[in-house]
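Structure record follows, encoded as structure tokens.
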Amino acid sequence: MTTRYGYLGPEGTFTQMALLSWTASHEGEHVPFGSVDSALDALRRSEIDAAMVPIENSVEGGVSATLDALASGDPLVVIGEVNVPITFVLAARHGVQRADVHAVGTHSHAWAQVRGWMDRHLPHATYVPTLSTAAAAAGLAHGEAGHGYDAAVCAPVAAANHGLEVLAEDIGDRAGAVTRFVLVARPGELPERTGADKTTVMLFQRDDRAGGLLELLEQFSVRGINMTRLESRPTKDFLGSYCFSIDFEGHVLDERVGEALMGLKRVCAEVRFLGSYPREDGAQTDVAPLTGDADFSAARDWLRSLRGT
Amino acid sequence: MTTRYGYLGPEGTFTQMALLSWTASHEGEHVPFGSVDSALDALRRSEIDAAMVPIENSVEGGVSATLDALASGDPLVVIGEVNVPITFVLAARHGVQRADVHAVGTHSHAWAQVRGWMDRHLPHATYVPTLSTAAAAAGLAHGEAGHGYDAAVCAPVAAANHGLEVLAEDIGDRAGAVTRFVLVARPGELPERTGADKTTVMLFQRDDRAGGLLELLEQFSVRGINMTRLESRPTKDFLGSYCFSIDFEGHVLDERVGEALMGLKRVCAEVRFLGSYPREDGAQTDVAPLTGDADFSAARDWLRSLRGT
Amino acid sequence: MTTRYGYLGPEGTFTQMALLSWTASHEGEHVPFGSVDSALDALRRSEIDAAMVPIENSVEGGVSATLDALASGDPLVVIGEVNVPITFVLAARHGVQRADVHAVGTHSHAWAQVRGWMDRHLPHATYVPTLSTAAAAAGLAHGEAGHGYDAAVCAPVAAANHGLEVLAEDIGDRAGAVTRFVLVARPGELPERTGADKTTVMLFQRDDRAGGLLELLEQFSVRGINMTRLESRPTKDFLGSYCFSIDFEGHVLDERVGEALMGLKRVCAEVRFLGSYPREDGAQTDVAPLTGDADFSAARDWLRSLRGT
Amino acid sequence: MTTRYGYLGPEGTFTQMALLSWTASHEGEHVPFGSVDSALDALRRSEIDAAMVPIENSVEGGVSATLDALASGDPLVVIGEVNVPITFVLAARHGVQRADVHAVGTHSHAWAQVRGWMDRHLPHATYVPTLSTAAAAAGLAHGEAGHGYDAAVCAPVAAANHGLEVLAEDIGDRAGAVTRFVLVARPGELPERTGADKTTVMLFQRDDRAGGLLELLEQFSVRGINMTRLESRPTKDFLGSYCFSIDFEGHVLDERVGEALMGLKRVCAEVRFLGSYPREDGAQTDVAPLTGDADFSAARDWLRSLRGT
């Protein structure tokens, strides 16, 4: 049976590019969704087998829709990650010149990444928000008079897909901008341990614990575990109530990770395990001295001998 | 001379409501801006004297545009805060019924807060992003055919301002949703110390320090200081490079706060001080034992006597 | 076969009093030794089955001879503890008056505890060190001219045993002085877990670990474990090289203690487990929230479910 | 006027050797005392100007008498330190052979350091405690029949002083044994800052503070200060009540030390400052990154600018 991969569509989004770069997906079917939520809901309902969604951008930060969708509802886990360089073009219908552009359509995250260029080159253009960068291109290509903008900021592939002309290339304010995408699945067999793994969790604090975040971070530090991302998200209960979305180096099958997770499970109101998976860059985890599996095993054997068990 | 207060407009936004609830502003002039950036730029250029901008929402989390605009450029400081309960209505032009609604316009943050209601009551309506909730209402009121949506999600005041009819009230998925706004000014005289103060900083880590975030948080904990918000934001340099926007209890004139700030200044690559200001709720800071000004003064006097200075 | 209990003798020492108050020993044979070392050596050679030795005095601190003897050589473990109130008398042969006392014999630790009294009442008396307080009494009773002192500072029972007259009672400078003794045995079956237990360890740091003692103490604090005694002892390798003798609340069979011991085992050069045993005062350990066995078991079950094992 | 230096006598003790190696004392008068207490009392009464006393031995650990005498009573401060290699000889009167030795006199600390040698070479010799190693030699030289021992363990100089014959040289069980002595004075001008300094303090915990020792050590670690000695001493109030004698690198005039001391002053029940003084070995303190005086000054200037003061 064909594996079905959902992604944040429509065609031409950076998310689709992420999915295309996931080799294993080439055998499967690719299904676009209009939102992260709808893709993950379909995954939960088993209508698809996996979903590629953005989680973190080097300029705009965490992707709230993804973080929140993973944080509640039936459990899902990350099984892989893909980093995609983000390059924006300014695209328009055939015949439109840069001087003709009075309004620009794109997704708000993309807009945030090209404002410097816009200030310098099209200071009088107004901004029209769209649902995605690809939707901005599509709207331009297929739209009638009323879509309200003369040019779109989108990925080069989206401009090409829709037969638009590129008025300016590589207009992002930050060279080297990257978005990190994750491939999400229903819990099942864990991805194999490679020594170059990451684990993602969502931590909810107890109200009655002083120290709070510091206490949580110590669970990592006493086991020599390095965090690679920490994002606070509102629990939505009241202003100032936050939970923490965290990526750290290591696999749930690593001893130090297992002990840290148990520590977090004890001190947190809830720990949501969101998967262990190989890093895209393949960088082997630099295991801190005395925190390797052999160190933990030796300690456990010693404890057993003390206990006479 | 009249004080000029900027705000994230247009009229009818929740930000305007925040400014209206700031009593001191009633004597001044209120100037709408199209974005947080443009308001803060005007403030930096001294075209206005203060700006009210959103910083944190109980459902959607930190407001990236504000956090990032405060984190770079000429220094600005927060001088006050206002919390505004967020209530959404579904509004349309006279004569439109709920059954006629095929597309809904609103700001993406508002859409995120009413999706549950929409799924239950208008499951087939498509979403059209707009620049603000007030802009959605305005577009509906003044727009021609092409604006692309039949109803707007906005504040009750925006619906009233634009003569729209309310099709449904209080449609937010979370009762009690609140947005926190801050009044920003150029650095000048510090707001007076009230004993019920908050301080806001942006912390940039050094690359060469192990321990990272834990080391920063310890600077607070060893002085008994309580954090009320921590938000990570990308430095935009590369994926995985983050800085931290933090609110904590206390005023820069408090001894314990001064010492913590000096500690942070030493261990961070950069500390951006973003102001000390009275809490809106007036809740007096519960100063941890042995961290009051008198404790610090006594310790300093003792040290002086040891040093013979 | 009769159980043989060694103790730091001769008869009449506080150590003998400790052994006498250990009810289980009443059925056994009591064997005095001239030093802690010789008692523990006899225990290691299986010539005796247990040894009562002093470990800590409320005025003089840790008993180095005991701490060092436990820290090296074949492993021994503490299986019980006894606290004995320390009361000193000034005793002399029949007919000797206080005014006749020119020199006082006693153990140096006892002398340290009565110096205030001596300064006030016998300021001109010189001090003659003896091997134990009981030895001072014995020397006085049986000695010839040459023993060199006219009165002894000893336990009331030692004065009585040797037919000495008490010239002054309760002459300790600190009311409520107490010595804590431990009953030591060869490793065997662990004393039962009572919920009111202590565990004793000796920790040797690695040279190559920064942070040092702080890192060790964190292994306790992250599991909510309370230390009741910390004593540094030279490793004897070079000046400034120390190891740490530590008592803490809990039993090696407690989950939180097991995990803390494993953590210490990993980060220390060596951990010497010196036993888990019931507290004499029977005070139930106040287990910190979220550190009980049930909390650890639940966390372990959860981890197993994540790992699918 | 001649400076008067007290020391723990009599002549021939290792303490006298320490004083002799303190060059500045060569111009002054040297006054022996029978105990550490009596020397420090004379210093407090201004009968002498300084006192050399032992504080730490590489085999036997802290010298309780010194630690306790510094911890209470009128304030005294350490102004210098001297390390003396400890070498023991077995000495006897002319004509006595090793085979004739049935009893050996020496100070209990010395006895602890030669027991291995004794076990191997004079296993049947009994131990007779004396007030000091020099006193053992003196007793042997001048004593009548009754002194009770045939040989003394003492410093080579003491044997020579008293015309004794050396039966065995260098009989310490640990090669390289060292005792550290400190020169104590009444508080006055601080020793100059050399960059190779130590500071000594005695810390008394508050009963009402959880965390205890960990909280104290963090005051050092957050300022990058390295401890070189930690010794717990009973407060003498009740069993299990301890205070901590601590040496650490740096001078009270160093910024990081000043801030750490202020932190300790706040969280401790009492901090007894026992002096800042140059290390004997002249090893420059390896100041941790970002904890130098310049770092603290820059941070203070920055805070002042924030405060507008």
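A, B, C and D are the chain letters, set down in written order, and residue numbers restart from 1 in every chain.
The criterion applied here is as follows: contacts are C-beta pairs under 8 Å (C-beta built on N, C-alpha and C of every residue); 3 or more make two chains touch, one makes a residue touch a chain.
This one's a predicted model, so the numbers in the text were calculated from it and none came from an experiment.
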Just tell me the minimum hop count from subunit B to subunit D, counting one hop per pair of touching chains. 1
Moving only from a chain to one it touches, give the least number of moves from subunit B to subunit C. 2
For the copies subunit C and subunit D, give the interface type as same if over half of its residue numbers appear on both sides, and as different if under half do. same
Using Cα averages as centroids, what's the distance between subunit C and subunit D in whole Å? 24
How many Å are there between the centre of subunit A and the centre of subunit C, using C-alpha atoms for each centre? 58
Flagged in subunit C as touching 2+ other chains are 218
Chains that touch, pairwise: A-B, A-C, B-D, C-D
Can you name the residues of subunit D that touch subunit C in the complex? 37, 56-62, 64-65, 83, 108, 112, 115, 127, 129-131, 144-148, 174, 176-178, 180, 211-214, 217-218, 221, 227-234, 236-242
For a test of understanding, state which residues of subunit C touch subunit A in their complex under the given definition. 189-190, 208, 218-219, 222, 252-253, 258-259, 261-263, 265-267, 271, 273, 289-291, 295-296, 298-300, 302-303, 306-308
